[in-house]
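Note that chain A is present in both complexes that follow, paired respectively with chain B and with chain C.
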Partner chain A sequence: MTVEIGHFALVLALIVALVQTVAPLIGARRNDAALMAAGNPLAMTQFFLVAVSFGALCAAYMASDFSVRNVWENSHTLKPMLYKFTGVWGNHEGSMLLWVLILAIFGASVPAFGRHLPSRLKANVIAVQGSISVAFLTFIIFTSNPFLRLNPAPFEGRDLNPILQDVGLAIHPPLLYLGYVGFSITFAFAVAALIEGRVDSAWARWVRPWALAAWLFLTLGISMGSYWAYYELGWGGWWFWDPVENASLMPWLSGTALLHSAIVVEKRNALKVWTILLAIITFSLSLLGTFLVRSGVLTSVHTFATDPARGMFILMILMVFIGGSLTLFAARANAVTGGGLFAPVSREGALVFNNLFLSAACATVFVGTLYPLFHEALTGAKISVGPPFFNLTVLPLCLPLLLAIPFGPFLTWKRADLAGVAQRLMWVAGLALVAAIASAAMFDFRAALSAVAIGLGVWLMAGAIAELLYRARFEWSAPADGLRRLFNLPRAQWGAMLGHLGVGVMVLGIAGHGWRTEVIEEISIGETVKVAAYELRLERVEQEQGPNYVQDVAVFSAARNGVQVEELRPAKRIYPARQMPTTEAGIETRLFSQLYVSVGEVRDGGRTIVARLYHKPFITLIWIGTLIMALGGAVSLADRRLRIGVPKAARARGSVEGAAA
Partner chain B sequence: MMARLAAILLAVAALFAAPALAVMPDERLADPAMEERARVISKDLRCMVCQNQSIDDSDAPLAKDLRVIVRERLMAGDSNREVIDFVVARYGEFVLLRPRMNLNTVALWASPLVLVLGGIALIAIRRRRAESLATIATGLTPEEEAQLAEVLRQTQPKS
Partner chain C sequence: MLRGSLGSHLSMKGKSREGRFKTIKEDGDWMPMNPRKRNRIIIIAAAGVVLAGAAGLSLYALNDQIVFFKSPSDIASEGLAPGTRVRIGGLVKEGSWTQDGTSHVFAVTDTAQELVVAYTGILPDLFREGQGVVLDGALTPEGRFVADTVLAKHDENYMPAEVAEALKAQGHWIDDQGNYGKADAAEPAKP
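Up next, the complex of A and B:
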């Protein structure tokens, strides 16, 4: 019964979304206040219906209702409850339903948080948001319906892919979708602005919090996905340039560019056309990502099932939304007039520089990811574009960007004094140089690039801090005054500082790669292997019975200079329901570095194993850095100026602060 | 030009990779220098039956076969290039994770540079247009602008 309610709610949601697309749009055209206002309850209702539908599917999964085809295909009675729940989106149909649920959440949050939006803009935004819901609800109901029944109901389910039976599935996809789908709001704002032909700094102030929120979730989603792959896939890498990783990196890069260009629109009323285009491109790339994952045109670990019909459907959605919005852009962009002029060396100039390189990096990932498809279509021959290509092209594009970051916030609007800024950054550069040389001397001179990366990381971190200290005017006043000013700085400034600091921390983590130690060895019980400064001894191999798997656990004791540290327990698992093996890495974190052991083969009846053992210096800084970046986004979001529905007095004060910044 | 740039970047990238041991203990070559070459080659070869892995990362039997072939060719005295040619002759260009530069991939390899230069050109054009629009807006010719600047300079109080 619940399943039918869910199914019915989904169909109702489609009908509501249709009305939500049409009514406010007509209202905005005819200046009909009642029709425009109808968008609010419609968006709320649509959210409620999709939530009911999603809840019904969750209930079916938790109850292991195998009369539902989707549950039978992806669940099992022995599966722990957490994975029964997360398994809801561990498959194509369920993950699309989650996608639409998050879309509806964002759609409902426009009326919920946007009370002070001009009614015409709000009506158009809600209508655009509704049209995206229409497309994806239609897709689910006609090609990927999770509520289809099976008769007779099978006795036992086919279980979830074992690789997905991990807390990672509870965290990574929801965060990633919050990011992907969050950019639908900035897209809706961009299209609404084109429909009205009006973009001003108020528009940018309304768009920025949504862009920040989406960006922050996307950052977390990618980061958590990376850590999941790192410990679950078992070969110790954290970024593989897999097509689907690239599909999430592209909207992240253009979303980051959008975040920065929106500042110029807000503060200087310039770069308006470009910002609109970026908002369109960012969501288009999110849609493209969904298409790449769901259609299976590119093989990847993320592809659940390949079905050409679904691929064609999403391709059509893609063409309608991307083609439609770009056509609208071409027709209406001229109506948006340009704003203030600025010298090449200025804050605006720095943000243009940021946008240039972020866009170039994004476009390079795009070309590299899709090139095999075009190549095959044009020449008939298959080629691969793999990690070596992206490392050789994208990393050099990031370098000028990273070098320039500390300069940006120091530059003044309109026209800036580069020599003066360089002078203020002298000590930062000195610090970076010392750090690079010291790290090379401490570790290994041969890994020269790692030492350079350490210098770069310190340059970014110290540069971010230097800017904040300069804003608090520590140089010219008593420390107490400086400290007071430091804490009174706008939150947006703290956010920017944390964002840039996080990039620096992440670069430090990447730098550690050059100093990693890798040992691949056949080890018998009682033998000791030396990995960097650690001695790992294989104590025993235990057989364990899990709830729905059996595993061989290799128990290693680890010692550094004779002092024992924690045990490592890497395992090799077999899930009988699917007869699939997985590797569970044994990881021991020492400050920012990790010991990482993964078991390849178990031989001689469990007396000998083949293992890969790594020491990875600074590796956790990669994820800590991204968390700091996301924290920066959250702090920035908490800025009074961006808080939606700011009282008038505070808004006036905010704009004074903004002018001073 | 691009090929040379790629070669330089490759040399830089090689600095990143610390020396390491073989992929599986029993496949390892006795000579560490030779083994290191095998590792470098393996990282650029795709495991044909895997989703998106190099043969260096993969546990698949086919990847193991390829790793052994690479090492056999190296022991037979092949250069790195000859080893790769040998593998490509058997499996086709699809096996290369770093596509070779030719007429069909020139657009791929040139894209980053073209994108940056194109972006700079676009910014420059838009700037000039914006500036000329600004001149129209104030309605002053460059001579008049200079005159105005002169007047402003003279009327400014000396500090």
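Up next, the complex of A and C:
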């Protein structure tokens, strides 16, 4: 019964979304206040209905109702409760429902938080949001319905893919989707602005928190996905330049550009057309990501069951939204003109620099990811573009960008004194140089790139801190005054500082790659393997019975210079329901470095194993860095100025203009 | 109507800003005097340089770094120069897999032709005889195919698209167990 309610609610949601698309749009055109206001309850209702639908699917999973085909295909009675729940989105149909649920949450938060938005803008935004919901609800109902029944109902389910039976599934997809789908709001704002033909700094103040929130979730989503792949796939890699990863990196790159260009719109009323274009591109790339992941047109290490027919449908959605919004952009962009002027060397100039390089990096990732498709369509020959391509193109494009980051916040608006800024950054550069040389001397001179990366990381971190100290005017006043000023700085300033600091920390983590140790060996019980400064001894192999799996746990004792450290317990699991093995890495974190052991094979009835043994210096800094970046986003979001609906003065001006029009 | 009020609003703003900006000293007189145009030219020029650089890098890397996908039959008929990286897709031939410590030798077949592959390291969890794999590697000068990456299916419903297509092209598409069928069969097997 609940399943039917869920199904029914989903169909109702589609109808509501249709009305939500049409009514406010007509209202905004005819200046009909009632029709415009209708968008608010409609968006709320749509959210409620999708939530009911999602709840019904969750209930079916919790109850292991195998009369629902989707549950039968992806669940099992013996599965722990957490995985019964996360299994809801551990498959195509359920994950699309989660996608739409998040879309509806964002859709409902426009009326919930945007009480002070001008009614016309709000009506248009809600209508655009509604149209995205229509597309994806149609997609779910007609091609990927999770509520289809099986008759007769089987006794036992086929279980969730064991690789997905991990807390990572509870965290990664919801965060990633919050990021992807969050950019639908900035997209809706951009399209609404084009419909109205007006972009002002108030518009940017409304858009920026949404972009920031989406960016924050996307950053966390990518970061958690990377860590999950790192420990679950058992290869010890954290980024493979795989199409599915690139699919999430592209909107992140353009979203980061959007975040920065929106500042220029807000502060200086310039770069408006470009910002609108970026908002459209970012969400288009999110849609493209969904398409790449869901259709399986590209071979990926992260691809699970896929279905080309569904890919075609998403491709159509993609073409309608991207084509439509770009056409609207072409037709209306010249209605949005003017804005503040600036010299090439200025804060605006620095933000343009940032946008140029981020866009170029995004474009190369795009080319590399989709080139196999074009190549096949043109020549018929199948090719793959791998990590060497991306390392060769994206990294050189990131280098000038990273070098420039510390300069940016020091530059003043309109016109800036580059020489003066360089002077202030002298000690930062000195510190970076010392760090690079010292790290090379300490670890290994051959890994020159890693030493350069250490220098770069220190340059970014110290540069971020230097900027904050400068803002607090530490140089010219008593430390107590400086400290007070430091804590009174706007949160947005702290947020930017943390964001840039996080990039630096991440670069430090990546630098560790050059000093890694990797050993792959066949090891018998009692044997010792030396990995970097550690000696790992295989003590025994234990057999354990889990709730829905059996596992062989290889117990390693580890010692550094004769001093024992924690045991490592990597395991090889077999899930009988699918007869599928998984690898559980044994990881021991020592400050920022990690010992990583994963079992490849268990031989001779458990007397010998084949294992990967890695020592990865600084590796945790990669994820710590991304967490700091996300924290920066959160702090910035907490800034009073950016709180949604705060700009009352701007609202007053907006409504006067609206009346005049 | 909307456009009119907007236009006048903006142009007024614009004019006052331009007025203030005229005081900046120009460093090249061949550039247009209008700061707005100057700015646009500078930005477009910078964008051109960066994008051209990115495009150049991409073309260079694409020329050098792309890897062609071949089936064992392609290799048998076209040959393969030693050192050229290729990606091979096929099924692991039944009974062909031998291992010694961490080195493995097995044959990949598209059922018409086969290719013997050497690999050192740990094979993926789902590597099995009779199942689809994708490998990256190259021929050594001695004519031995050495793989450095082996990808197997991620779950039993998934098979690399290249393998599925290679098998279809060879007319050996098997759908007996419903295992590879997900791409083809609209109805999954009923329990």
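Definition applied: the second predicted complex is superposed on the first by the 643 of 661 C-alpha atoms of A that agree within 3 Å, B and C clash if a C-alpha of one lies under 4 Å from a C-alpha of the other, contacts with A are read in each partner's own complex, and residues count from 1 in each chain.
Keep in mind that, in the parts below, contacts are C-beta pairs under 8 Å (C-beta built on N, C-alpha and C of every residue); 3 or more make two chains touch, one makes a residue touch a chain.
Quick caveat: nothing in here was measured; it's all calculated off a predicted structure.
Trainee: Now for A:545: first (chain B), second (chain C), both, or neither, which partner does it touch?
Mentor: In the superposed model, A:545 contacts neither chain B nor chain C.
Trainee: Is A:517 touching anything from chain B or chain C once the two structures are fitted on A? First, second, both or neither.
Mentor: first
Trainee: A:352 in the overlay: touching chain B, chain C, both, or neither? Say first, second, both or neither.
Mentor: Touch partners of A:352: chain B and chain C.
Trainee: On the A-aligned overlay, A:488 touches which partner chain: chain B = first, chain C = second, or both, or neither?
Mentor: Neither: A:488 stays clear of chain B and chain C.
Trainee: Quick check on the superposed pair: does A:446 touch chain B, chain C, both, or neither? Answer first, second, both or neither.
Mentor: After superposition on chain A, A:446 lies in contact with chain B alone.
Trainee: Looking at the overlay, what does A:363 touch: chain B (first), chain C (second), both, or neither?
Mentor: Both chain B and chain C are touched by A:363.
Trainee: Compare chain B and chain C by how many residues of chain A each one touches, and report the one with more.
Mentor: After superposing on chain A, more of chain A is contacted by C.
Trainee: Please indicate which partner A:379 is in contact with in the superposed arrangement: first for chain B, second for chain C, both, or neither.
Mentor: So A:379 only meets chain B here.
Trainee: Quick check on the superposed pair: does A:163 touch chain B, chain C, both, or neither? Answer first, second, both or neither.
Mentor: Second partner only.
Trainee: Considering only the touch criterion stated at the top, classify A:396 as touching first (chain B), second (chain C), both, or neither.
Mentor: After superposition on chain A, A:396 lies in contact with both partners, chain B and chain C.
Trainee: For chain A, give the residues common to its interface with chain B and its interface with chain C.
Mentor: The overlap between the chain B and chain C interfaces on chain A comprises residues 299, 301, 338, 341, 352, 356-357, 360, 363-364, 367-368, 371, 375, 381-386, 388-389, 392-393, 396-397, 520-522, 600, 610.
Trainee: Show me the residue ranges of chain C that touch chain A in the complex, using the header's touch definition.
Mentor: 1-3, 5-7, 9-11, 13-14, 17-18, 21, 24, 35-36, 39, 42-43, 46-47, 50-51, 53-54, 57-58, 60-62, 64-69, 87, 101-102, 120-123, 125-126, 134, 136, 151, 154-158, 160-162, 165, 182-183, 186, 188, 190-191
Trainee: Report the residues of chain A in contact with chain B in the complex, numbered from low to high.
Mentor: Against chain B, chain A makes touches at 235, 237, 240-243, 299-301, 338, 341, 352, 356-357, 359-360, 363-364, 367-368, 371, 375, 378-379, 381-389, 391-394, 396-397, 444, 446-450, 513-522, 600, 610.
Trainee: Going by the contact rule at the top, pick out the chain A residues touching chain C in the complex.
Mentor: Per the touch definition, chain A meets chain C at residues 69, 72-73, 150, 154, 161, 163, 196-198, 234, 269, 296-297, 299, 301-309, 335, 337-344, 352-353, 356-357, 360-361, 363-364, 367-368, 371, 375, 381-386, 388-389, 392-393, 396-397, 415, 520-522, 578, 580-583, 598, 600-601, 610-612, 657, 660-661.
Trainee: Hey, which residues of chain B end up touching chain A in the complex?
Mentor: So the residues of chain B in touch with chain A come to 6, 9-10, 12-13, 15-18, 20-26, 43-44, 46, 51-54, 57, 59, 92-99, 104-105, 107-109, 111-112, 115-116, 119-120, 123, 130-131, 133-134.
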